[in-house]
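You will see chain A twice below: alongside chain B first, and alongside chain C after that.
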Partner chain A sequence: MAKPMGEGTQTKAGDPAPADGPQRATPAPAKRRHRLSPLKRREALSAYIFLSAPLLLFVVFLGGPLIAVFGISVLEWNLLTQPQFSGLENYKQLLSDPTARAAIQNTFVFAFWSVVLHLGFGLLLALAVNRAMPAALTYFLRTAYFFPLIISWAAVALMWRYILDPNFGFLPYYLSEIGLSIPNVLVSPGWAMPALIFVDFWRTIGLTFIILLAGLQGIPSQLYEAAKVDGAGSLQRFWYVTIPMLSPTLFFALVITFIGAFQIFEPMYIITQGGPGDATRSIVMNIFETGFRSFEMGYASAQAVVVFLVIMVVTLLQIRLSRYWVHYE
Partner chain B sequence: MAVACGGSQSESEGPAPKGTKVEGDLTLVYLGTAEQQKAWNALFGLFKEDYPDVNLDANGIPAENWAAFFDTVSTQIAGGKVPDVVQVATEGQRLFASRNLAEPIDEYIERDRDELEEFFDDIHPNLIEWNKRYSSPDENTYYLPGEFNTMCIWYNTKMFREAGVDEPADDWTWEEFSSAAGKLANPGERVFGMYVEPAYFAGIMPWLLTNGASTLNADWTKATVSSPQAVEAFDFARSLVEQGISPEPGGTFDPYSVTAQGQLAMFGGGRWPVIDMRNLNFVDEMKIVPYPQNEEKGSPVGWNAYPIMRESQNKEAAWAFVKFIASEKASEYFARQGGTIVPPRKSVAMSDAFLANAPEGSEKLYEALDYSTPIPSPEEGSVIEREIIDTFTQILAGSVDTEAALQELDQKIQSEL
Partner chain C sequence: MVMFAPFYWVLVTSVLPPSGAFSLPPKWVPTGLTLANFGQIFELIPFGTMVLNSIKITVIITLGSLVTSSLAAYAFARLEFPGRNVLFVVFLSALMIPPQVTVIPTFMIVRTFGLIDTHEAVYLPALVQVFGIFLLRQYFLSIPRDLEDAAKVDGAGYFRILVRVILPLSGPALSAVAIFVAQVYWNDFFWPNIFLSSPEKMTIPVGLVALQGYQGGAPAVVIFAAISMVTVPLLVLFVFTQRAITESMAMTGLKG
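Up next is the complex of A and B:
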């Protein structure tokens, strides 16, 4: 498998002399760096100027708050009066707080199903749309699947609350017309979380789909042709060509879906307010409520640190495990 | 941090001598939705007429409830954006005062006693008493009691007429209410007799209080939400949903438009539904009557106050605004224009300014002050309120056992206190 893949990349890169290319390429940039013309230097300067805005935004809105969160997490601070140093008290509190525990558990459940559904159905949709079909239809489907993502969470949440309304919602209504009934999903402890997983899936599947579709479209067709010539059936082609070639894309989708899902907040906050009970309380929502309802900024920050660590550990684990299934080249 | 430092600094200032010119910038934060904005702006226009040298910058925060409003205000304060005056409902008054955010106004009242005498004579003695007992954690006065809301039943006379059901009397009972609501409802056609809102003030409180129960004891120090009377009240509310008299919770039910469409006969409300009813041209078909009682008459009451913030750099202008809001002119204008709250002055609440273009029986909202109970609002109120609403919603939906759920809620509230 390695050979055709190598060929594919080279063809795309368009390098005319692969054999001695590396030898010549190494000293070349060094030479160029010494002879930076005034024009190049000005170009580099403008590049830095352009980069400075996002860099500044990163430092101000991500780097700064990140450091601050670690600092605040060892304080007892109600936002309105002097903060007090409290050491690791906030972290200890986290161990014995059933609400925070429930929130973390819910978030893992949500993230698990989110990853499974997004990657599973995202791949199915991408495969379906990637088949030879009229261009107009491809455009239409691509737009249709992606469209919900550009609707704001607030609007999506409101829309689904209307659809699922137990009194006047059209879903319960039409189901009852054909003799079926669904429970009052948004206030039912057993149904609320699945409902939110579904609503989130509906809204964000387009992103996974587009990423995977782009990945599929980047697989050179000669690989399939070669596999066909070798006598591979469609299942074998999927398993031995599509999946390995798509694995870097799948890996990327896996990482960003998990990170996004673990930070879920909006649907919980707008649709169910974390209820019924704590059935749909996510950890980020819990952080928000701890901070801005109970005014325990230190404890909220400690929870944020834990979320940060969980995401980091899981992502590192994913990167580590990716060695066994992700094929670059 | 800034709050604490600024607080001690400006505390020593005290009021300026009487007659000092009021001028400069003044910022106000209040709870107001986009629809209410126009009415508020008209009121601010009046203030500017009286104080042309004050540059009033009023910011409405369109929050869904008081808890959400405080979230926003607290965050702004923590970020260093401290307004001079904040509108604070009962739900946040003790919190604001005990967090040292509000300036005591005793000296201001003393200085301008002659101007305020007539105000104190005109407001209900209960409001003065409650404002003293509940809104301050210490001996100081932080607020003048402002506009308030109580809860009554709003009913659709057209539906009563068409169903041949007698209109309710002021002393009607739960039983009479159930029987009327049952006749008015038609679950198959999605016609409802009553809307029991999964809410705190406007949802469960009237049912608790008319059954001699409440969520907390009179001092707001102990949870009482699992008492037998409380369980009975929650069960009664659930039974209305179970029989299809009230719609299921958990949706987007809009009682006002549904009422105007002839599909809802009754809902609970204070003054605020009047705006929607006017917009829907349905004021004349509505009437207001006290909540039906099982043990005694009951209604929650919550009132607004406009504390001067300790951090304020222009306390004289802030105090001028506080006095303006309490003035007869503002009260009257607001009653006529805005109408989301009942004016604290009896003379205004019983006048045409308040009663015209409003349902018959609107004066009952003021009369309810005689038998109302201040909405239990300890400092932890924001968290407790969320828990109560959540449990109430689940009980209404029938997904939990009432008694067990209330015992759990009782423990949760107790642990917060």
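Up next is the complex of A and C:
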């Protein structure tokens, strides 16, 4: 592509206009060829040039790999030896491998609770903050809740790893002071996952809160007043005005919370390393381990395909079901 | 309150000497301050280098993706060409692809080119940001065409129009994309963790975790010092730019 970009001096083969200097953007070219006038062809060419870099990057790093994972998932390949075609073996292995199954199950559990907590508490927080509050307080609260999101998972996870540890941190200590003594959550199979769900909630509630707050603030107050005039109590106003008007925002929050939760990796990897046993292993963590620790590329790819399909299917399902409860203007 | 307490505790503990640091009940007001822990960070890991690495990678990704996104967004917004709609839908659908899905084939590509454990492996894949393309295209579509038409009459080609007319008008959208991209990649752990292995190449998040893992694990107070060094500047930055950042992130709905 040796053409200089866009100064209008190019002419093309077969161009009926004489090449007598810079082209002007004058209308009405003399003939139409190949369904595109020369002007339009220049436009299309420019477009392709503009898109060349993004498209190349896209194919190499996004589109290509997406197709490639499907391809790799039917191979047995450990990077040292030649890959061998193995059909659906990897997928069958997924069904029988207890670690992988635990990982999938854990991830669904995590995602479920993450969604419930985010939507529930996010909504409560947003409702609480939405009442007339001094701007300074709103500003402070938004900063406080949103802050953990801009800190890397690495820092957050490390921090909580120590807070939760009874030998170091203050959380078990204070909990026992108020009578709730809990075992060391880092090594207790029953408590580890809830602890991680909590840590993720602590970090990401800010986003859900902001989104729902924005949604709440978009509800015209006339609707509430009209409802009051009709004699609706606050619970009724909530149910008949707030929820329906908020439903598009709730839907958006639901979709992104699920997608984000299903991909969870850092807390498991950094705090508990998937343990104790397999109690906190998430599917992405398992992909990491099978792909980059054991170098079973085919198996890891199969799991990646599963992640992708689950996200697609669940999101599509949510979209389908949304027509029953989401009200748009 | 609840949200700040963990950070505050980390900050306080990081200026305490190792032996007395973790008594229970925890000390909320430090006594016996020491800055030795901060110095120790640098003995254990090349932290300064890591900061530079993070800066370098984040800047390259942010600027690079602004360039590629602007080019693509302009093509999609203003130029007509065969296949435009199909291609745009293809790009858009990539938003649904989580990074874990692409990492394995990307790893193979990177390996083929011998780029494992280089910064290129981290920033090259990030130079195409579909979100950026989408957002900028929306913004470009809303700019009135008159200015571009005037420029065309004056003989400007498309590239010149993009650079001289469109981009100067797109400040808000460009900064929204820049803030989002910078924030995501500054904090990214998953990708650099996979592709970078030598400490001198690591970025801050990977370095932090390495601090815990390497050489038997650093004393907790040192880790806390590192965490403080990382979070306090961000907090300060955040306080001043809060509105811009939260709006930028809420627009995408993606968690950093």
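Note that in this section the second predicted complex is superposed on the first by the 260 of 329 C-alpha atoms of A that agree within 3 Å, B and C clash if a C-alpha of one lies under 4 Å from a C-alpha of the other, contacts with A are read in each partner's own complex, and residues count from 1 in each chain.
Operating definition for what follows: contacts are C-beta pairs under 8 Å (C-beta built on N, C-alpha and C of every residue); 3 or more make two chains touch, one makes a residue touch a chain.
Note that the coordinates shown come from a computational prediction; the quantities given were computed from them, not determined experimentally.
Looking at the superposition, the partner that touches the larger set of chain A residues, chain B or chain C, turns out to be C. In the superposition on chain A, A:A128 makes contact with neither chain B nor chain C.
Once the two complexes are overlaid on the shared chain, A:L316 sits clear of chain B and of chain C alike. When both complexes are overlaid on chain A, the residue A:Y162 reaches chain B and chain C alike. When the shared chain is aligned, chain B comes close enough to touch A:P83, but chain C does not. In the superposed model, A:V116 lies in contact with neither chain B nor chain C.
In the superposition on chain A, A:F292 makes contact with both chain B and chain C.
When the two structures are aligned on the shared chain, A:L175 is found in touch with neither chain B nor chain C. Contact with chain C, but none with chain B, is seen for A:F265 once the two complexes are overlaid on the shared chain. Look at A:Y145: by the touch rule set out above, it reaches chain C but stays clear of chain B. Once the two complexes are overlaid on chain A, the chain A residues touched by chain B in the first and by chain C in the second are 79, 158, 162, 167-168, 292. The touching residues of chain A, when paired with chain B in their complex, are 78-83, 158, 161-162, 164-169, 184-189, 273-277, 289, 292-295.
Considering their complex, residues 1-4, 6-7, 9-10, 22, 24-26, 67-69, 71-72, 74-75, 79-82, 84, 87, 90-91, 94, 96-109, 111, 124-125, 127-128, 130, 133, 152-153, 155-162, 183, 186-190, 194, 204-206, 208-209, 212, 220, 223-224, 227, 230-231, 234-235, 238-239, 242, 245-246, 249-250, 253-256 of chain C touch chain A.
Residues 5-8, 22-25, 40, 43-44, 46-48, 50-51, 53-55, 57-58, 60-66, 68-69, 72, 79, 139, 142-155, 157-160, 162-163, 167-168, 170, 173, 177, 202, 204, 207, 210-211, 214, 252-253, 255-256, 259-260, 263, 265-266, 270, 284, 287-288, 291-292, 297, 300-301, 304-305, 307-308, 311-312, 315 of chain A are the ones touching chain C in the complex. In the complex of the two chains, the chain B residues touching chain A come out as 1, 3-4, 67, 71, 74-75, 77-78, 99-101, 190, 247-253, 380, 382-383, 386, 390, 393-394, 396-397, 399.
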